[in-house]
Amino acid sequence: MKRAGILNAALSGALARLGHTDELLICDSGMPLPRGVEAVDLAFLPGVPSFAEVLDGILSELVVEAATAAQEVRTANAGCDALLSARLPGLTYVPHEELKRLSHSSRLVVRTGEAQPYANVLLRCGVAF
Amino acid sequence: MKRAGILNAALSGALARLGHTDELLICDSGMPLPRGVEAVDLAFLPGVPSFAEVLDGILSELVVEAATAAQEVRTANAGCDALLSARLPGLTYVPHEELKRLSHSSRLVVRTGEAQPYANVLLRCGVAF
Amino acid sequence: MKRAGILNAALSGALARLGHTDELLICDSGMPLPRGVEAVDLAFLPGVPSFAEVLDGILSELVVEAATAAQEVRTANAGCDALLSARLPGLTYVPHEELKRLSHSSRLVVRTGEAQPYANVLLRCGVAF
Amino acid sequence: MKRAGILNAALSGALARLGHTDELLICDSGMPLPRGVEAVDLAFLPGVPSFAEVLDGILSELVVEAATAAQEVRTANAGCDALLSARLPGLTYVPHEELKRLSHSSRLVVRTGEAQPYANVLLRCGVAF
Amino acid sequence: MKRAGILNAALSGALARLGHTDELLICDSGMPLPRGVEAVDLAFLPGVPSFAEVLDGILSELVVEAATAAQEVRTANAGCDALLSARLPGLTYVPHEELKRLSHSSRLVVRTGEAQPYANVLLRCGVAF
Amino acid sequence: MKRAGILNAALSGALARLGHTDELLICDSGMPLPRGVEAVDLAFLPGVPSFAEVLDGILSELVVEAATAAQEVRTANAGCDALLSARLPGLTYVPHEELKRLSHSSRLVVRTGEAQPYANVLLRCGVAF
Amino acid sequence: MKRAGILNAALSGALARLGHTDELLICDSGMPLPRGVEAVDLAFLPGVPSFAEVLDGILSELVVEAATAAQEVRTANAGCDALLSARLPGLTYVPHEELKRLSHSSRLVVRTGEAQPYANVLLRCGVAF
Amino acid sequence: MKRAGILNAALSGALARLGHTDELLICDSGMPLPRGVEAVDLAFLPGVPSFAEVLDGILSELVVEAATAAQEVRTANAGCDALLSARLPGLTYVPHEELKRLSHSSRLVVRTGEAQPYANVLLRCGVAF
Amino acid sequence: MKRAGILNAALSGALARLGHTDELLICDSGMPLPRGVEAVDLAFLPGVPSFAEVLDGILSELVVEAATAAQEVRTANAGCDALLSARLPGLTYVPHEELKRLSHSSRLVVRTGEAQPYANVLLRCGVAF
Amino acid sequence: MKRAGILNAALSGALARLGHTDELLICDSGMPLPRGVEAVDLAFLPGVPSFAEVLDGILSELVVEAATAAQEVRTANAGCDALLSARLPGLTYVPHEELKRLSHSSRLVVRTGEAQPYANVLLRCGVAF
């Protein structure tokens, strides 16, 4: 088996395929999945796995150059907003409806079991060289 | 979205298909997956989700009439053995090699991210009526 | 097998995949199925299973925040209208032709065996948290 | 839509394909589905649709020349046994374990929502000419 | 096997799926098949099976509320026109080119072996209740 | 469209693929289809198309060097036996059960709508050079 | 095996599916294949099989009512132009770029091994009755 | 397009996948295709392309270390035997029935249009280093 | 196995399918893959295989009549620019964003492991005759 | 894109799926691929990528507890043998024919472009905890 890192087979394959400027949505368990976008469903039970666990696991393997979250997260889920700010310094906020529209052109959705509101982020891939 | 319970789409479908005496393997992230058996890969990172979380989530939705674990779990992973004993009173132990052989005739494998040894159990479905 | 709840494998999987604002059509056996939308065909014979049985089974597992029916149901099928009003207080009515158009953007269709007119409803999913 | 009879698309197709001596299993919701056999999952909720509804619907469209049930049905589910005897005069009984083995060579399984024990029957198709 | 009626497996399945206002094209062996529409190819040899045989077989199982044929059939194939008029009282005629365009939004095409000109009809499904 | 001959797309493709000694079953509508063998379902209604029509259509395009029928056809369906004898001089008869066993190693099954007993023949392809 | 005529399985099937006014492109080995159009790749080596062999083989089985070639063929490949004129009296010429555009709405492409320029023709199917 | 060599897309891909000791059958148009073996159907018309053309094209791209033909070719098709002897010095002969059996373990079949008897050869791949 | 040249099975097949004016993108490991375009993923590790290795391997088998690169390569990756200029005399430069847009209408993407910036080129196929 | 490590999407997914005692074959470009085993084809040209590059890349991500090579490598390819000995201390040697047999029960084959003899190794996965 692998020495370390992400163990999920579908997710490992999908992450390796991403290129510069491709976008990836990490979302809570209630986010509507955009049609026609590859989705890896990690959700098991409400809260398992959490948005924070999945975000950190993906950031440790992926180069990210920009990120977008729903502005509603700032008031409705301050813990998640703090996490996003700490991990993604240049984070941009857009209305949640706009984030849903943007997700339709992403290349990959990773669905977590998170059960707190607005725990979603759209990551734009950077390049490792 | 669903009111409660298991959120994973593939797993929800697969559990609904199981009948009386069908067997289901819940396994740690290092267990070799038996060929030709439907597998739902919940593993994300080492330990996420844990064997305990997945076992409890599945037991809350499935009727189970018997269970089998590796006898090695008793000495090598006492915490997991305690969990299994608590949740599955009539648990049977077989050598780990035998458990692997038995897994080839199961109907479903649920792979967790568990990263402790011998955290595997083969559940035999009961019937709800 | 499962302890309780919806037993259909395809439907269990499809319901688990729905997110906030995704729409689901529960329809009678004569409703034209919108192209390209996942459909679970529960219809067996005329009236088996009924619209009422399927509606209640799905409402017990799904969070619903809004619903739309054909205004023709009010006069042509008062029993169904009474059921819809009882179960879905904020129900909206639109002309049947409009309901058919709206069904094209739904994520899932559940076809019942119902054999009475206008027994259709479009449910919009809410969120469990 | 169809004038009458079975409305389920997958089941209508599968029944039309059956030939003389092909076997069809109608089963309750807890019967383990034999691997590699086409299955039409009509089960919705426990008891919906019932074994009796599905049996009668299929008998009205299919020529049947022989039938086999579990001998356990005679004592454990007398109502179902009465139904089987009434509908299928030359019914043969075998032990439930043998019925499960026989189901592996059937051509089609129709899973009902029946939630009473031993409500299963293996039908052998006759020929219409 | 089935007691009576349409024996073709693919056609039996496809007919059961049709709903109110869905359209079905029955066509001669020279009609261009519209792209992306499910087609059941019953054509064997020129004239086998005939348009008349297939039309009558389908009308005996399907509720039809409207029908459209090519106006060219009236002069070029009077026998077929007489058949259509007898079976489908409210038949509408459109130019053959228009019929071809209309066929692109049908849900099902049934291709016969008919080898006489303009033996095509677009049936609009009614509802059985 | 094609100038003449067999118009069915699936059948035209399948016949072109047959080689020397490959076997083809032409059968009535009640014959059980052997598992895992490609089948072209020409059956529409009982008797449409007939075994005789399909046999003659295929013999006009295929080189046949041997043929096998059920010995039961000689007494139970003399008309069919006369047809087989006239078309296939060196015809061999075996018990019907044996014919069914032999059909499992055929490369193609063509199902007709024939509704008279024992109207089945296994053709062994010859070579055109 | 077949008595005579086209032996290729994929091509035999595809030709049988063509209807009146459907278009078929026969092309040299350098023609860009239009996306989304079924293609039968007969090309083996440069010149094997030739455009002339494939054209004649297809014309012997297909009813053709019109044909279009690139006007460049008249000067750049006089031998091919002579062949086209002899086989297809009412041939229309368009610029090669226009022929490529027209090929996108064809139903079938047959790629030959031809290695001389502008050896392409778009055939429009006629009807055999 | 490619500068030279084999132009067929499916064949180019399949040849690149062959390894040391993998076997490839080049056959005439009447050879029965072994089940479950990848087949590239180059046959167009009887004799097009010929066995000789295809053999030479493949030998120019493939390392071959051994070859087997039917001993019947020596008397029934001396021209083909001469070709095989010239191209494949260490050729082994086996009875035609044995050659058919051996073909079942080959990795690839290339079907030509050859219409002369026993024009078949089983090539065993060598290695280029 | 093959005597020489490109060994990758998927790539060998895809190259053989390309026609005159079809475009092929060879890219570094960070280029976003255009949706819906066939992609052959040769990337193993950063730098393995290099852009230069893959470019030379493909040019040795493909006729190329034009090429386009990102103008940013001239300053940001002079070594790659020198390679491109040496291999592809009439090279055109466009802004990198424009190159990404152009890649959406290519027929094939070959992803290398290259880990230096702007190592991408869009090749337009010529014709070998 | 990924920060580091293996970039190939198919290989990243396949490696993540391997469990304890699953076997993986890394092979040269001439090794026959075992049927029915998932294969990732990294081979581009002879020697690209090399066996050494691929071995080292995979060893850096995979836990390996045992390895088997062909005993012929010791004399026929001393460089490769030295590499194997350095990287895999407890390496076992078996005859090359035996290695080929063992490869049939592996879970994954990674084909390199290596063009030197006997550059193959079967790795048995260990576990990371």
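Should a chain be cited, it is by its letter among A, B, C, D, E, F, G, H, I and J, assigned in written order, with residues numbered from 1 in that chain.
Following the convention adopted for this analysis, contacts are C-beta pairs under 8 Å (C-beta built on N, C-alpha and C of every residue); 3 or more make two chains touch, one makes a residue touch a chain.
Because the structure is a prediction, the values reported are computed rather than measured.
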item	value
Other chains in touch with both chain F and chain I	G, H
Comparison of C-D and H-I (more C-beta pairs in contact)	H-I
Centre-to-centre distance between chain I and chain G (centres being mean Cα positions), rounded to whole Å	31
Distance from chain D to chain A - Cα centre to Cα centre, in angstrom	47
Chain centre separation (chain A, chain F; CA means) in Å	59
Interface hub residues of chain B, defined as touching at least two other chains	1, 4-11, 17-20, 22, 29-30, 41, 46, 125, 127-128
All touching chain pairs, where touch follows the definition stated at the start	A-B, A-C, A-I, A-J, B-C, B-D, B-J, C-D, C-E, D-E, D-F, E-F, E-G, F-G, F-H, G-H, G-I, H-I, H-J, I-J
Residues of chain F that touch chain E when the two form their complex	1, 4-11, 29-30, 41-46, 48-49, 53-54, 57, 113
Residue ranges of chain A in contact with chain I within the complex	17-22, 107, 125, 127-129
Residue ranges of chain I touching chain A (in the complex, touch as defined)	28-33, 35, 41, 46, 100, 115-117
Chain B - residues contacting chain C, complex	1-20, 22, 60-63, 125-128
